[in-house]
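Order of writing sets the chain letters: A, B, C and D. Residues in each chain are counted from 1.
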Amino acid sequence: MAASKPALRIGLIGTGFMGKTHAFGFAAAPRVFDLPFELVMHIVADRTQELAADAARTLGFARGVGDWRAIIDDPEIDVVDITAPNALHKEMALAAIAAGKHVYCEKPLAPLAADAREMADAAEAAGVKTQVGFNYLCNPMIGLAREMIAGGELGEIRSYRGVHAEDYMADAASPFSFRNDPVGGGALADIGSHALATAEYLLGPIAEVLGDCATVIRARPDGQGGSRAVQTDDVGRAFLRFGNGASGSVEANWIAMGRKMQHDFEVYGSKGALAFSQERFNELHFYSADDSAGRRGFRRIEAGPDHPPYGLFCVAPGHQLGFNDLKAIEVARYMDAIAGNAPEPFNFRAGLRVQQLVETIHQSAREGGWRRP
Amino acid sequence: MAASKPALRIGLIGTGFMGKTHAFGFAAAPRVFDLPFELVMHIVADRTQELAADAARTLGFARGVGDWRAIIDDPEIDVVDITAPNALHKEMALAAIAAGKHVYCEKPLAPLAADAREMADAAEAAGVKTQVGFNYLCNPMIGLAREMIAGGELGEIRSYRGVHAEDYMADAASPFSFRNDPVGGGALADIGSHALATAEYLLGPIAEVLGDCATVIRARPDGQGGSRAVQTDDVGRAFLRFGNGASGSVEANWIAMGRKMQHDFEVYGSKGALAFSQERFNELHFYSADDSAGRRGFRRIEAGPDHPPYGLFCVAPGHQLGFNDLKAIEVARYMDAIAGNAPEPFNFRAGLRVQQLVETIHQSAREGGWRRP
Amino acid sequence: MAASKPALRIGLIGTGFMGKTHAFGFAAAPRVFDLPFELVMHIVADRTQELAADAARTLGFARGVGDWRAIIDDPEIDVVDITAPNALHKEMALAAIAAGKHVYCEKPLAPLAADAREMADAAEAAGVKTQVGFNYLCNPMIGLAREMIAGGELGEIRSYRGVHAEDYMADAASPFSFRNDPVGGGALADIGSHALATAEYLLGPIAEVLGDCATVIRARPDGQGGSRAVQTDDVGRAFLRFGNGASGSVEANWIAMGRKMQHDFEVYGSKGALAFSQERFNELHFYSADDSAGRRGFRRIEAGPDHPPYGLFCVAPGHQLGFNDLKAIEVARYMDAIAGNAPEPFNFRAGLRVQQLVETIHQSAREGGWRRP
Amino acid sequence: MAASKPALRIGLIGTGFMGKTHAFGFAAAPRVFDLPFELVMHIVADRTQELAADAARTLGFARGVGDWRAIIDDPEIDVVDITAPNALHKEMALAAIAAGKHVYCEKPLAPLAADAREMADAAEAAGVKTQVGFNYLCNPMIGLAREMIAGGELGEIRSYRGVHAEDYMADAASPFSFRNDPVGGGALADIGSHALATAEYLLGPIAEVLGDCATVIRARPDGQGGSRAVQTDDVGRAFLRFGNGASGSVEANWIAMGRKMQHDFEVYGSKGALAFSQERFNELHFYSADDSAGRRGFRRIEAGPDHPPYGLFCVAPGHQLGFNDLKAIEVARYMDAIAGNAPEPFNFRAGLRVQQLVETIHQSAREGGWRRP
């Protein structure tokens, strides 16, 4: 009986763009999925009590608190959800883990892999369930791609081309920000992390990388009338060797004028190929060498009920999911993991892995030569 | 202060696909928009008390009732939301209007224009605010198209081509259903209504129509081992004359094999053109004759914060809204209308208009000759 | 042995855009195809001897003449190729037929169907081989579409949507020209003829039409400082009933701002669909309902050696044919017909048919009601 | 006066696919362009006298010879055109240069850069005009891209992504061939050369490369029932630093299942971007940051008379050039160079440059580290 669902109480830290997206996910997921829990949007923390009270009302939480530690200390809270600035993730997560909470954390897990490892180790030692917000992977069409690759529909996988390019840093007049921080900053860490996560999600572990990073806008306004030197990469690239023998490449580029969400990939196998663009993320293009001669071509498969969990959002194909829907799927999958019904889809260990890949590519770019992550 | 927002209590009738979509809209809208009301998902009605209780839990309503009249009779209810079968819309809406409720009704408003007119008249007489669910019109890119046309960016509008094609009725083995009912059924009524609503939304009133309707699958299984003759149109077309002098056409086709959501249009003016496809509804393609020679071409404009209210869902362009997000926008706009902050975006009078267009095209197809709707 | 090929001597009338394109076709065809004849570019006629002599040199003809009748009178000439203004087609063709020449004529065969009929009758009575230049039909991908339809790959054909839209008349300041001549002018005759030819080429005879024609730019500069009223259609549309039972529509539009060559169609059948755009005419998009669930989508088939005669131009797929190559194919097919190896691909009877369709649509638009062409 | 055009006599060596394409170019160019010469297709050489005689008839040459040296020795020959196997290019070209002929040679100029250098040095010392067949660069849209970049329409160029992927070697059962020869073979040399030529044509000299080459199909049938090890690259990649400061990458891949002609690039600058795909080579996609807010997007510019020399082929835009037309442009440009009216568009020195880039990338891939070509 639905009536008997146990409650799961959530404490959200952070009310910015990502905090709002998470609140949206918590509100939407129970209306779309038959979750194992009754989600209770219990507490939201912001910098002051007043801001938090406002956020509680807007985002639909029962109450707000001006200090995130109040969430950690509340014995009723089951899940701590961290959408605060990256630099605070570690402290918050370790505190939550120490209090026995499950922890949901936005990406990147931490600016440095060493910190991410500490977080992953702590979570595993405590036996709590963790999740990092790589929500592009929740797209049914990415799931379809993974399933097709794993199921051998492309044959032996031979090569991969991935990119994540946007233009939000293309304006040289936009000021130096936390994104340019030498620790944890740069295009590769910020969005290359998505390209790397997708690559491994589809093809399995990357065995070796050869990196190349370029700083194009070498100084940015410091916000005080002067300028500040930039050391982080505007474009980060890597050649890849996958454990399965395939070779590939990724590019991260946040100054790609005109690109808004070019999180794209192409996978080539001995029997077929896939091509995907996040700017049209409800489509997957599939070429099958098994089609008859003269009738072969990339098929534009449109997302529909054949591609779970699309059908829970909409009974008709071609209507399309949106970015926020991917967050609802992420929430639902995390709930399944907490209930023990499924493995964690992208836990702290997976978040650490992405950080390691980023750092290994940085190291390779700096020092030269192939490196094992 | 947000705290002072008045409550608006909603009673939802119907828990099928559209009921679920509405519930999603009610849950999502307050997390995206600063609504003038505190939405209270108060009562949901289903065919039995038990079903309704389950639905209440799943959809997030306070309680369920086994008889929709309990919603009408409840003095606390402010808005009656009707997602029940089309044939019941009129009775329910008239009852709600009589009780002084605002009424939100899924499309089509009623199978016959005469009934729709009765509903529109009653609502206006009672002074309640009404809304019909033409949610494609809530797409920011459709809004952009309308704004560009109205603002003269295309110059004088000269011609229009609209289509709404899907393939959900393409299988001749799928049984006779309410969609094939001679009263109110057929492709033109079911999806041509969208094409017509979009055409008038963009270009203003249609002055004359010349219709053409074709029944392709002339009999369908009756579900009892026999077959039943079909009289409704599988393909409905019309030539159009707009009040602004432009000419155009629309096609409704529910047996267009391979098409999932081809709600498309092209608008040609003296200075530019627009092209749109609902299967990629976060894009609008714009040709400007003002671009310099050798540099002209259709621009793929991607939805972003420049296209309100996209930015309330996501601060970054290219991330894309989904079908359900359009329903959240529809809810928000209806709330603004109820609060008196804006005109009703698509009220019963507008719903009636679409029915009239459909019936006029049917009549023209049957009898021949141009007709004024 | 190639050495034994008989010569076929060509006399070309007209040296404008189309004359040049034909010369290109005569030069290219023998280098691509193993033609049954040795093509001899014998005489070209222009308005003066001097112009003709220049044209002969440029276009590769042996000599030029200042009077087209010299071509008719030359007993060595086997084929008379007419690319002169439309109004002259009839006189020239009848003279050539009377002289026992084969006649190749650019479209339209004649401004009026009555004239075209006289030409077709004369050619058949004389037993000469004729060809009208509908070169879009020579595209291998159009051939593929026809073959797939005829072979049942789409199942029973149910509906059709065709368009031919360009913007070469979109500028209201461009002067009144022969294209606006009440006899034989207008968008439907000029480019709608292509849309109609393609429709019948793919689906077979059109049984009935319902027309709609609109004059948008009602006056154009007369070139003498004044303006002249325009009566011909800028947009011509028709609903269609095909002999095979399918219904459809075509639109001709020469003021479709931004469109350069939108000669497009979509065909829907009970088992599949095709979509084509002339602006990417080396592609055909094919949807097969036989593909497995979750893997269906429109396939972008790229032209290649699997699609004859592409392979004669290029051994590798994806390299693309150009507009002029289509003319070389047209020439080669006409040569095969003259040699008696194949039926005439698009003879005067076929050219007449297109004119009849145009006139029937005009009549329907003027008088109302469905008409049989 | 056209009558006074001097003759230019051509001797073609090789009658395979490329020989045929060249013959097509010689036949088409004079019908499209006002060339400075009267082209005379004088002699064609094949392996035997009989084959050559047949080829002469088919390709339109005056006579055929069974020994290519007869072309070198013929004092009437002005241009020697080499489309023989790559391994023979050097011997033939040096002989032709020694005889004072202009030399037109298919790509690659020679399997090894050292040989190519010898050829370039000899040509320059002899003062003859040379041309290597990189015909993709003759595409008007590539010319437009170059012009836009050089003219500053994209602002400062920041990054580049190039690829040339096909699938003609994707079948592991296709036998070992000259393409797999350790000297001069592999995907990078065969098609990566195109990607590199395009990169430098657009952005100027590449200053440094970091290579990565992968052999995927490690053995192929030897045509005698056994198998033969493959050492050449199936996928070759490089990171690039351009002299102008931009960074970039190229990938060559001949086992990219489903790709027929993915010779694509994206260029990002501080004010705009370009995207191009050879599979739709009559289009160039242009993003301008100068467009107004909310109206920006990649414009699909279609080739037309605004993009010379398109207009010489066709007076109307959107009709499209084909692969063979690019060869006609190449011929015309070479003629202009021979006449002294323009610099050689892509001479032996340029052909050498491409070989150097290929070899430097191979070396970098083998030994590690960035290398200057």
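Side notes on the structure shown:
Rule of thumb we're sticking to: a residue touches a chain if its C-beta (ideal position, glycine included) is under 8 Å from a C-beta of that chain, and two chains touch if they have at least 3 such contacts.
Note that the coordinates shown come from a computational prediction; the quantities given were computed from them, not determined experimentally.
A repeat of the A-D interface exists among A-C, B-C or A-B; more than half of the contact pairs are identical by residue number at B-C.
In terms of C-beta pairs in contact, C-D outnumbers the other of B-D and C-D.
Between the CA-based centres of chain B and chain C the separation comes to 42 Å, rounded to the whole angstrom.
Rounded to a whole number, the gap between the C-alpha centres of chain B and chain D is 54 angstrom.
A straight line joining the Cα centres of chain C and chain D is 34 Å long. Residue positions 259, 296-298, 302, 304 of chain B each touch two or more of the other chains.
Against chain A, the residues of chain D that register as touching in their complex are 154, 158-159, 161, 163, 170, 172, 210, 212, 214, 216, 234-235, 237, 239, 247, 249, 251, 253, 255-259, 266, 268-273, 287, 289, 296-298, 368-370. Chain contact summary for the complex, chain B toward chain D: residues 144, 283, 285-286, 288, 291, 293-302, 304, 306-307.
Across the interface of their complex, chain C is touched by residues 2-3, 17, 20-21, 23-24, 27-28, 30-32, 34, 54, 57-60, 166, 168, 259-261, 278-281, 302, 304, 313-325 of chain D.
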